[in-house]
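Two complexes are shown next, each including chain A; its partner changes from chain B in the first to chain C in the second.
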Partner chain A sequence: MQELKNRLIQLISDGTVARVIGWKKGDMPYNPEPACFSTVEELEDFVYDGFCGANLSKMMIEVANLEGKTAVCLKPCDTYSFNQLIREHRVNRENAYIIGVGCRGKLDIEKARKAGIKGIEAIEGVGIEGEGDVTFKTIYGDKAMAYSELLLDRCHVCKGKDHMVYDEVIGESKDTADSDRFDDVKKIEAMSSAEKFAYFQNELSKCIRCNACRNVCPACSCRKCVFDNTKFDSQQRANVDSFEEKMFHIIRAFHVAGRCTDCGECSRVCPQGIPLHLFNRKFIKDIDDFYGEFQAGKDPEAQSPLTDFTFEDLEPKQAVGRGEN
Partner chain B sequence: MYTISKDNLNSLYAKIASSYDLFMPIKKAGQTNYGFWNEDAEADIETLKTVKSGKDAFFPQVETLYNVNKTIIPADVAASDDAEKAADTPIKTKLEVVPGKFVDQDFVIFGMKPCDVRGIEVMDNVFLKDFVDNYYKSRREHGIVVSLACHAPEESCFCTVFGIDPADPSKSVADVATWIVDDKLVWKPLTEKGEALTAVVKDLLTDDSAVDSKVDAEITSITEISKKLPYANLSLEDWGAGKTDEKFNDETWSKIYQGCLGCGTCTFVCPTCQCYDIKDYTTKNGIQRYRCWDSCMYSDFTLMAGGQNRPTQLQRFRQRFMHKLVYYPTNNDGMYMCVGCGRCVEKCPQSKNVVKVIKAFENKK
Partner chain C sequence: MQRIGVFVCHCGSNIAATVDVKKVVELVRYEQGVVYADDYMYMCSEAGQQKVMEAIKEHNLTGLVICSCSPRMHEATFRACAAKAGLNPFMVEIANIREHCSWIHKDMEEATKKAVILARAAIAKVNLNTPLQEGESPVVKRALVIGGGIAGIQTALDIANAGYPVDIVEKEPSIGGRMSQLDKTFPTLDCSSCILTPKMVEVAQHPNIKIYSYSEVEKVGGFVGNFEVDIRKKARSVNEDKCTGCGVCQTKCPLGKTGKIPSEFNRGLGTRSAIYTPFAQAVPNVPVIDRENCTYFKTGKCGVCAKLCPSGCIDYEQQDQIVTEKYGAIVVATGFDIINLDKYDEYAYNTCPDVITSLELERLMNAAGPTGGHLLRMSDGKAPKDIVFIQCVGSRCADDRGKPYCSKVCCMYTAKHAMLIKDHWPEMNVTVFYIDVRTPGKNFDEFYRRAVEQYHVNYIKGQVGKVMPQADGSLIVQGSDLLDGKQIKMKADMVVLAAAVEPNKDARKIASMLTASIDNNDFLTEAHAKLRPVESPTAGIFLSGMSQGPKDIPETVSQAGAAAVKVIGLLAKDKLKTNPCTAKCDMFQCNGCSTCANVCPYGAISYEDTLVRGPGVNETRRIAKVNTALCQGCGACTSACPSGAMDLQGFSNLQIISEVDAICR
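And then the complex of A and B:
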């Protein structure tokens, strides 16, 4: 962490960059926040630890338009999102100085809460080493959990330790994958239509339409979202109605199909713990099956299968069995 | 005070639900939120904080205000012989306004924490003080609030900063105060409404004067825990009524808003946010006029015909916290529009929240 911080201080001091997009120390041991640092003094509060899960690439859409270069700290999986934004001409690569930061898996405080840990005063073992036990000092006594038990779901299907785009890399990364990316999708595919519907209705009925999933999503980078159109005559503003259960998330998943890098931010930020990434991952799996393996954001020059037509492309009826189940 | 064994709580819920709609914390797909109890529901009063507060009980996220139904009256028969004349004959339509329903049956909100109960007081000032909102009023008149003390407060809690007592719901505006002591739920009616509800469930309750000292011990225990919480000493000294000019133009906002996603998570989990939007939806034969929660964090919040609203996220972010900590207290005898429930502390996707805002200004000094 100190090496990274020193480098950022240097970059600001020698004028290489005008500002840094990184994480600022929180007031709890688990809540660092995405922030913009413009001076060495402000960088005093810079932090990089196990709770820096937020993907900062989307912040660059706006910030990279400011005068001067902006340094941005991106973890390996975040760089896929950044590449995709380059691909879509939504971010100014020339104005970005990308620090590829090492990542050994990021943590989900909800996992601790689910395990009954509360009244947290301090947390030890959440440094960038990403190993061993995490100790929670709480007003109800000390509790320990393995670092690996606290990982965000997305880290269990880690895309690997390589940064797809960077100007320099600081720190070691580790591939934390320990399960198959499509296991959960396959489980749902195996359900009957009625079971699938019941599963998603149960999950999506929790949706409060806060739009956190959309607003955090690097693929949702439209200047104005169709759902923010005040002339859109639907019941979509009647948030928490059946619209969420049946339409909103499906429409969004379609809209980001072929562009979603599977960064997992949608599920990380959902206040209701809805596994939204499953929709996107189903599309990714289908795209892989139908058009050959494709990872959005791996190569900013690559043509997306869904925007690339060939006569060999399969017909819709080949993709979807009609009237089955 | 009365008691009922925790093992017997499902009978209590069933008994209440036989006479009233029962709105209480229910676990569904891994999360606990308020919902209507039925026999298949998984009641959950162990989880301290429901994801959303219980404010939906009085101010639901969506409600229909009224429907307008249009009926076309068939054109004059005589005119229909002459095609040209028929085309010129104005079509007659009848508009019928069908008002939304006011709540007219008593219902019970069970397990509400003292912070959320204060949230009701905050909303009362908005919906009942000057302009009376009849939809809200009907729910307030018919809602019976059973408040539950916070057995084990969490680190994100800071209700005591606003003078709320998490240990003793009998100090709140609830109708019944309850505590969990050992393996019992302790039940103490506070108001006439509370007495009426108690009468309905009396068969299940035991008159238990021996429990008084245990409740006292529970109150002491919760009070002691609350003092140890990390936000217990948060200072509001610099906030409140009359601070508009001083705070509004402060440079601090331009730093602390950065990274805000402009989502509505904080707004929608908050027990005191009460802004709403009114919209029309075109139905087959008319319109449905509904209102739904809105968020000042949204880009189209209070968007006017002339395109006027707050165009930047900095302005929207400032609005939310100024409303809670300055404007509302200015208009409501110093009462804050925050109850320290800490939901935004736990749920903000970018880990921004009202506590960090308060502290950001504190650190400046």
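And then the complex of A and C:
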């Protein structure tokens, strides 16, 4: 991390960039937060460790038109989102200095909590260079857990250790994938319609409409979200009843279909633990099945299958009836 | 606030027998914005329209809801009626309470309820309607005909004779299509090429017609009156301008003598050389080199044709060429083929050379065919004594091996084949297995009866279960005779299958390019089955021949002429009214993401750096801009736009949502 921090200080000092988007220390050792640094002094608070799961690519939209370059720290999976934003003309590649940061998987504090770890005062072994176990210093004494046990669910289906777009790479990355990306989707596909309905009814009923999923999502980057738009008579509808609430998540999944890179931020930030990424992943699986494998954000020039047409595209009648049981 | 008039039509008893129209009037009278509601026996009649116009004036109406038949029937009628009374025509909405309601329901109470709901949806929409103005676009006075068979030829000739230039695009080296492969034609038995060849020559010599043979339509852009089409002229390897059609290249091509390359024109029963014209009367009479088989292209050696060509027109280096041309109208005349018989093992078509299709029989009986017009078995070259015809192979088929429709031409051509065979070789026994014999058409039944009564063709009502090739080279046909209630086993030397017709394999691709609708069988759909049978629902696209459905030559020629008339009617106009229901971008919501431009089939959306000024914003942004001359109002952009910035005038998101809300209320 020190190497990264030194490099950021250097970039600001020599005027290569006007600001840096990274993470700063939070009020707890496990909740660093995204931040924008404009001076060397501010960078004192810079931090990068296993808890820096936030995807910073979306923040680049706001700085796209600012004076001077902006450095941004992107993990391998974040670079897919950045590429997708390039494709949608939302970020300015020329104005960005992308530091591909190393990643050996990001951590989920809930996993520690579920293992009964409480009263955390400090955490060791979460640095990006580290190997071995994570040690929690708690008011009840030291507790250790394997790094891999603490990984966010999304890291078990890691897209790989390569950055899709960068100006320089600092630190080593590791492919942490150890399960199939579509296993969970397949489980749901195998359910009957009634079971599926009950499953999502249960999950989505937890929604408190905090909008965290929408606000964090790099694909949800509209200047004005349709759900806030007075033009459609749809603003605040999601608050009305549980039906509209469900529609909010389903419509959101439709709106990001074909553009979602499966970064998993929606599920990471959901305070209610709703597995929102499952909707998106189902769309991705269907797109793969229908039009051949496609990873949004892999190549900013590639045509998205949902906004492109070829004569080989399947006909609606071929898709009808899929998933019925 | 709108002042809306609602008019409920009885349509005689079409609507009134199932929908309580009086009740509909009473229930919608108090909807938001409605100031007048009434019903009438025939709203579309002159008296009905008069009623509407009077109400507009008397009640100062700003919007109309007509509860009647499909807008496809009478939307234009009522828009014109509104315009006559001084109302903007786009303030009229139709609630379809006939096709969507009275015709499909039986219960009056339920149907009335639904009619009210449909009326409410239309009222909710009119409340949000705004007046729209039609624009104008010029018409390119040139037509494109895709397909150079008899349908395309006739359409092209009729358009050209009216004085408009026409291009024919034909993917084969010569125009002529299936008709050029036929021997004789029913019901008059005149020789097919004798009547077709003069037409082909007329096309070739017509000053208004240009033939792109060995060419395919690659891309279609634009819209009615203004299509822009890319035509791929496939490399012929022969210079069309220099070639005199002397034929030396074909006779000297070393591959011609090897008999290795099957002739497509002769349905694989004969062979051809690598440089070839499909048949002697080909138009244009310019050969092509089949690069897949040509020795020069495979090994770089040979070059015999180039050495011997007296006019030096062989060009091995020739490349495919893309020609871009503008057209006001496009006619689809892509024709048909017969189905692949791989799924019909029971007839032994793939295993026995003496089981042939009717189209192959046409070639065998033709004097210019592979046997010089002698009916011979392909296995041993002997003349058959017993011939069995099997009807409906893949036609009227209940399972997915074949087609659900009747191919329409088989009964007649089989009667023709049977008679021709009996005429030439009276000693041959001819048997026909049939499900029904269908002979509607002028002089058709007389023709069939001649086969039965004068030529004593043995017609057996029943299907064949199996054709079994025997060790001695003969065939055993096992079938049932439904009239006698007997199973039959019959010896045959040759079996002829009336394979179902199906649209040309390229029909679906071409329909996609044209955004023309197509049915499950890949036949192009007409705008109205009865009233607009030669037009596609897509404006400026017309249908000719088998591409629209099974039909024989006289029908094809009539339809070709009808399509030509429609084209001429379009090209005769200098300007067309354009649809004002075009997309519009709200710059405050636009993300500049290009999604709309990616999905726009008409290339109507571009992006411009635009100064956006409004509450809280004052900056230059990348904003979508719609070219309303190109926009066809398809709405693809409005549904693709993630932020809802794109909206379709006349069908705005809010209008549609309010209709849905009215229905769900």
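One rule holds for everything that comes next: the second predicted complex is superposed on the first by the 305 of 325 C-alpha atoms of A that agree within 3 Å, B and C clash if a C-alpha of one lies under 4 Å from a C-alpha of the other, contacts with A are read in each partner's own complex, and residues count from 1 in each chain.
Assume a contact is a pair of C-beta atoms (placed from the backbone, for glycine too) under 8 Å apart; a residue touches a chain by one contact, two chains touch by 3 or more.
Because the structure is a prediction, the values reported are computed rather than measured.
In the superposition on chain A, A:Lys118 makes contact with chain B only, not with chain C.
Contact with chain C, but none with chain B, is seen for A:Thr307 once the two complexes are overlaid on the shared chain. Touch criterion met: A:Phe232 reaches chain C, while chain B stays clear of it. Applying the stated contact rule after C-alpha superposition, one finds that A:Glu88 touches chain C and leaves chain B untouched.
Residue contacts after overlaying the shared chain place A:Lys75 against neither chain B nor chain C.
Considering which of chain B and chain C touches more of chain A, the answer is B. Residues 224, 233-234 of chain A are contacted both by chain B in one complex and by chain C in the other. Interface residues of chain C facing chain A in the complex, by the touch rule stated above, are 509, 512, 520, 586, 588-595, 598-599, 601, 607, 619, 622, 640, 642-644, 647, 653-654, 657-658, 661. Against chain A, in their complex, chain B makes its touches with residues 28-31, 33, 48, 51-52, 61-62, 152-156, 225, 228-230, 255, 258-259, 261-265, 267-269, 277, 279, 281-282, 288, 290, 292-293, 295, 298-300, 303, 345, 347, 349-352, 355-356, 359. Across the interface of their complex, chain B is touched by residues 26-28, 31-36, 54, 59, 118-121, 138-140, 202-203, 205-206, 208-212, 214-216, 224, 228, 230, 233-235, 237-241, 268-269, 271-274 of chain A.
Per the touch definition, chain A reaches chain C in the complex via residues 65, 87-90, 221-226, 229, 231-234, 255-256, 259, 303-304, 307-309, 311, 317.
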